[in-house]
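Two complexes follow with chain A in common, the first pairing it with chain B and the second with chain C.
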Partner chain A sequence: MKVTVDGTEVDLPSGTSAIDAVFAAGGDVPYFCAHPYLSPVGACRMCLVESGSPRKGQDGHFELDETGQPKIFYFPKPMAACTMLATEGMHIKTAKTSPVVAKSQAGMMEFHLINHPLDCPTCDKGGACELQDRAFEYGYGASRFGFDRRHADKHYPLSDFIILDQERCIHCKRCVRYFEEVPGQEVLDFIERGGHTFIDTQEGGLPTGFQGNIADVCPVGALLDNVARFRGRNWEYDHTPTTCTLCPVGCAITVDARNGRLERIVGRENREVNEQWICDAGRFGHVFAREGRLTSPLIRDGGQLRGASWDEAIQAMKNGLYGTSPADIALFINSDSTLEEGAAVQALAGQLGTGHVDHWPRYPVAVSSTATLTDVASADAVVVLGADLGEEAPVVELRILEALRGGIIPNEFTHGTAIADLRLVERPARKPERLAVIGQPSRLWKHAGIRADVGGHNPLLKLANPDSDELRAALTLLGRAEKPVLILGADVLNQASGSFAASLSDMAQRTGAKFLAIAAGANSSGLAALKLVPQPGQLNFSQLPQARAAFISRLDPRVRAAGFTIVHDTHLTETAKLADVVLPAVTNYEKRGTTVNLEGRFLALQQAALSAGDSADLIRTLTILAEALGVRPQVRGLKSAQGVLETALGFSVQGLPERGEIRPLAGAAGNGATTGQVYKPQLWKEHMLDKGWHTTWAERTESLGAGEWELPMAAQPRHAPGGDD
Partner chain B sequence: MGVLEIAKGMGVTLGKLFQKPVTVSYPEQRATLQPRFRGRHVLTRHPGTGLEKCIGCSLCAAACPAYAIYVEAGENDPHNPHSPGERYAKVYEINMLRCIFCGLCEEACPTGAVVLGNEFEMADYRYPDFVYGKEDMLVGVEGSRPQRREAAAKGESVRLGFRVEGGPRPELEGVTYPQ
Partner chain C sequence: MNYFSNKQPLLNDIFSRYPGSPQGKRSALMPLLREVQDAEGYVTEDRLHEIAALCGTTATEVRSVMSFYSTYHTTPTGKYHLQVCATLMCALAGAEELWDELVSELDVQPGEVSSDGRFSVQKVECLGSCGTAPVIQLGDEGFYENVTPKRCRHLLAALRADQKPAPDNTIPVMVNSAGLQVTYSGQAAGAPVEFLRRLTDTDLPAPPPAGSEVKK
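So, the complex of A and B:
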């Protein structure tokens, strides 16, 4: 399909919207309401273009103009490009070539700014605001509307996390569409009409889970991140694109730091993993990276832990480990550690000759998923077995809901994801019959057409040998579907016994389904591939109290080893309080490395500019442990860790593409070992909660209801207003 | 060069010899400054309400070519606000050693909160003493840090070593300098 934009002809697939045609041709139109992963509705009227098509006459041939070219019949008025389909031979004129378009866009901008307050200096969106940028690029620079602006509620907390400023809203409806279309929650809506329209909820708060994304989609400063409120201006942050490691999905995030403090996390696009959305825990649960950090080693001196230098810590480790055989030292790490750190542990364990190596959390089996998240989103049948996705991998829930509304993944162009994919429609028809949930009741329950509560039984075995109508229906659903996907959660993987692999492959063969196993930790699949599990006869993590000496990295079992205990952690945890030596660790926001998500996708971590005193990452800490043991470590830094990794995996993890890459993890599936304990996934951990949240805002909103605390705009001015209006 | 030229030059010298001297014996005498002289910053307040004009927007820090300004914003307590609106500057610091007194911060300020005053006597001993906070710059604080320290030690009031011809600029709301 050939489309001409401002005289440039571009070849595009049919079904492309006019706005994407413009961007594909290298042009630009302003837009506020269109969003790549939401339905185009044409609410803001900013993307106006002049457009026209050739017309066929009664003889079946194109009507020609005087030069012999097909005559273009333009629409009488400018059209919204985001809701218009580009057609063969269409001509589009943007503001670059059409004064009519430039005038109408500037006029629309003037309308948008009638009621928009001039509080950009105090607005957290300032500097990253679409309205600001577009008003600068396309506006008149002055307004002819001299009357008073509308006044509405300012800084009114919708929840602990989101703060609403109704004056700033330009009614693009992105937040309303987001809630309806993506997590399938009808909470926000427009109230009243015309110039009185405002956004609000009647639900008394926003549903937890995915509410933070509305702060990302809002093109103005109406919906803002309350956790990062007034922490810094957008140009002051150091933006670091990295990967979230709270759950095994591995969402793309941007970490914003200022003055060495983590202040904000926003979602980043990765079409194949999280599209654009991240969960609330990933976005708001970062207070631990800033507060209560250990900044120097602690050593036990006269029964009490006291601050010390690294040299003193090395000496303390030397003294404490004297007489202990290196082969008795247990090395236990958190399974959100990077692959490079895993390689360092593996190399050091090899040098020490210890087999007491484990990562936690993990399941007794390591399963290599055959389905990708894109497969989940485009599946025609999804069966969730024993998973509480809200706790295990929240974004998988969004991808399942995407499959239920038709599995339409927006097209990709050279300018990125389609800005307006016309296949996406507002209030989409959902197909709950495509989803079966088997296991304990969870948040996904209400979206599922088939629900089966199997109590404490293994959902996979129950599905293989159905004894109820629901289970039989789920099996029929799988059998009939062309692209079915099985999702395996904690209840299946915790109970995996020796016959698990056989029953899983049997089920996959019977139904032709691909399966996605939700790993326990962010990098469990990667660390399992590195064989960081105890061999038979060696200690696993639950047997820590039996270890003669132990090094524990960022784990909090609340017990210590029988012998000398070294804890490497970011905070003084309960375990650290029991330890002999505590070494300060860095969070995953401050690491460079590679992680493997639940699909087997290799994703890069980048180091955000956070200051954490003398803290050291695991690789560096292990070299120090080796020094205390008098061993010259094989891995001494990131580069040598990557070298070891290349030998272990057979390929290099350097230079990964931005959206990661799925690579086969040879032998990962075989690396299971008993865990000795059951892992219960929990998304929000204690240290991720800010103590202030449920007091200040909750108290404020309560006292608001009681009439104690007035909203400033509703209040009578106590002071004469000063400064600008 | 002839005798005539020498006589002309000596004539000028002789003429000046009997004029009143222009040298000011600073610091015993006050130096005379023009109102537009750019000296130490003043954070002004709204007249009447007494609220700080600064809203902590950080635009002065963005405009500063010497990266001398650091602002951290906070949220106003509605019952006891520091400034009108929701936002105020919790921390407002200017490093007077880095500052080049160009006045771009004053131009960038949307509320007219930061204004360059006329004080210039800021010589001090230690580096950290040159980082001026809100308590050093809010209107009503007279004198620089070393001047106030010395005055406190002696139990006297601060004596500014200058006077401003015609008084301070109108932008310096509430500031008084010796005239």
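So, the complex of A and C:
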């Protein structure tokens, strides 16, 4: 399909909207209401363009103009480009070539600013505001409307986390559409009409889970992240694009720090992982990273922990470990540690000759997923087995809901994701019959057509040997579907016994389903591939009290080892209080490295500009431990860790593409290594909720951590399939 | 106490007008609001939630629809509910002055009822009587047209004495108790619900000619 934009001809796939045609041709059109992952509605009228098409005469041939070219019949008035389909031979004129368009866009901007307060100097959005930028680029710079502006509530809390400034709202409806279309919760809507319209909810607040995303989609400063409100201007923040490591999804985020303090986290686009959305825990659960941090080592002196220098800490470790065989030192790390850190642990363990190596949380098996998140979003049947996605991997829930509303993933162009994909419609008809949830009741139940509560039984075995109508229906659903996906959660993976792999591959073969196993920790599949699990006869993490000496990194089991205990953590946790030496750690926001998400996708972490005193990451801390033990470590920094990794994995983790890359992993390495305890997934980790560290937000954050705020309509699940409009 | 809990036949009647699908059920929102508004004079928050549950939607959406139309009220109105059109034509013809006159004369603000319980006032969007601007609508009864401040004072004096002057014009179209759109004289306006059928039906009866009498 050939479309001409401002005289430039571009070749585009059919179905492209006019706004994407303009951007594909390198042009520019201002817009506020269109959003790549929301339905185009043409609410703001900013993307006006002149457009026209050739027309065929009665003889079946194109009508020609004087020069012999097909004559272009223009629409009599400018059209909104976001809701208009580009067609073969269409000509589009933007403000660059059409004075009519330039004038109408400037006029529309004048209308948008009639009631906008223009309090940019005190607005958190200032400097990163679409309205501000577009007014500068396309507006007149002055207004002919001299009357009073609308006055409304400027500090209206929609919830503890989102503050609405009703005066700033330009009625683009992105937030309303977001809640309706993405998490499927119709909680926001326009109230009143005309110039008096404002956004409000009648449900007593916003549902927890994914409410923070409306602060990202708001094109003006109307919806603001209350945690970050008034904490900095956009140009003062150091923006660091990195990966979230709260759960194994690995959402793309931007960490904004100011003066060395983490102030804000916003979602970043990764089409193949989180599209544009992140969960509330990932967005608001960062206060711990700036409050109550350990900034120097602590050593036990006369029974009490006291602050010390690293040199003193090394001496204390030397003294404490004197007489302990290096092979008896257990090394336990958190499974959100990076691959590089895992490689350092592996290398040091090899040098010390210890096999007491473990990462936690993990399951007894490490399953390599065969499905990607894009597979989930475009599946025609999804069966969730024993997973509470709200606690394990919230964004997977959004991708499942995406599949239920048709699995339409917006097209991609050279300018990025389609700004307005016309296949996305408002109030999409949902297909709950495509989703079966087997296991304990969870937030996803109200969206599922088939639900089976199997109590404490293994959902996978129950599905393989169905004994109820719901289970049989789920099996039929899988069998009939063309692109079915199985999602395996904690209740399946915790119970995974020796025959697990066989029964899983049997199920996959029987139904042709791909499966997505939700790993326990952010990087537990990567660390399992590095064989950071105890071999039979060696201590696992639950056997910590038996260890003759232990080094524990960012884990809080609330017990200490029998012998000398070194804790490496960001805060003075209960475990740290029991330790002999406490070494300050950095959070995952302050690390460079690589993590492997639940699909097996390698994603890069970048270091945000946070100040954390003398804190050190795991690689440096292990070199210090090695020094105390009189060993020259093989891994002394990121580069040498990546070298070790390349040997272990067979490929380099440097220079990963921005979206990450799925690479095959030797996942079976972790199989059979018993954990000795059951992992209960928890999205809001203990340290994110601890009142001792951050009093301001702790109580409010608790309400998010507690999770289930039910919508009134949730009491009446919609069983009827589809819709009639 | 739920308003609709003992009105199952009425509910059946209202829902029978729309498809039974989730989206179709939402269409019953306006008639249900109308029912409550007519019976109680205004719609409370409890009723919003009740209607939301009946339609399978959220109270937010019910409030959104309700707040769009000035005919539904969230607070009780006076015996004479005066609605001043404030849209362009009336505004140009002096609706602002009329409003100021009304408010200062009655000493009420929108959402309030005058101390004698007679009056409440509201600014509304276009009433479709631009040729006779400015316009005041009294309740659901009719328009007072070309209302100058002087005419306004006369109107208020008459209403204070409970001697309601005949409106200059009736409201063009209203909804009768059967849920049908009719003109003031009882003539059918628009397509009566009883003749609506799914488009796939072959036994589509010919609609009656416009303006014919509809049973009330």
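Throughout what follows, the second predicted complex is superposed on the first by the 681 of 725 C-alpha atoms of A that agree within 3 Å, B and C clash if a C-alpha of one lies under 4 Å from a C-alpha of the other, contacts with A are read in each partner's own complex, and residues count from 1 in each chain.
Following the convention adopted for this analysis, a residue touches a chain if its C-beta (ideal position, glycine included) is under 8 Å from a C-beta of that chain, and two chains touch if they have at least 3 such contacts.
For clarity, every value in this text was computed on a predicted model and none was experimentally measured.
Participant: After the superposition on A, what does A:H155 contact: first (chain B), second (chain C), both or neither?
Facilitator: The answer is first: A:H155 touches chain B but not chain C.
Participant: Between chain B (first) and chain C (second), which does A:K691 come into contact with in this model arrangement: first, second, both, or neither?
Facilitator: Touch partners of A:K691: none, neither chain B nor chain C.
Participant: So in the superposed three-chain picture, is A:F230 touching just chain B, just chain C, both, or none of them (first/second/both/neither)?
Facilitator: Only chain B; A:F230 stays clear of chain C.
Participant: In the overlay, answer first, second, both or neither for which of chain B and chain C A:R632 touches.
Facilitator: It touches nothing on chain B or chain C.
Participant: Going by the contact rule set out at the top, does A:P121 touch chain B (first), chain C (second), both, or neither?
Facilitator: The answer is first: A:P121 touches chain B but not chain C.
Participant: Which positions of chain A sit in both the chain B and the chain C interface?
Facilitator: 712, 715, 720, 722-724
Participant: Tell me, which parts of chain B touch chain A in their complex?
Facilitator: Interface residues on the chain B side: 46, 48-49, 51, 53, 55-59, 61-62, 72-75, 78, 81, 84-87, 110-112.
Participant: If you look only at chain A, which of its residues touch chain C in the complex?
Facilitator: It comes out as residues 186-194, 200-203, 427, 429, 711-713, 715-716, 718, 720, 722-725.
Participant: Would you mind writing out the residues of chain A in touch with chain B in their complex?
Facilitator: Residue positions touching the partner: 119, 121-122, 126, 154-155, 229-233, 235-236, 709-710, 712, 715, 719-724.
Participant: Help me check something: in the complex, which residues belonging to chain C touch chain A?
Facilitator: So the residues of chain C in touch with chain A come to 19-24, 45, 48-49, 52-53, 56-64, 67-68, 125.
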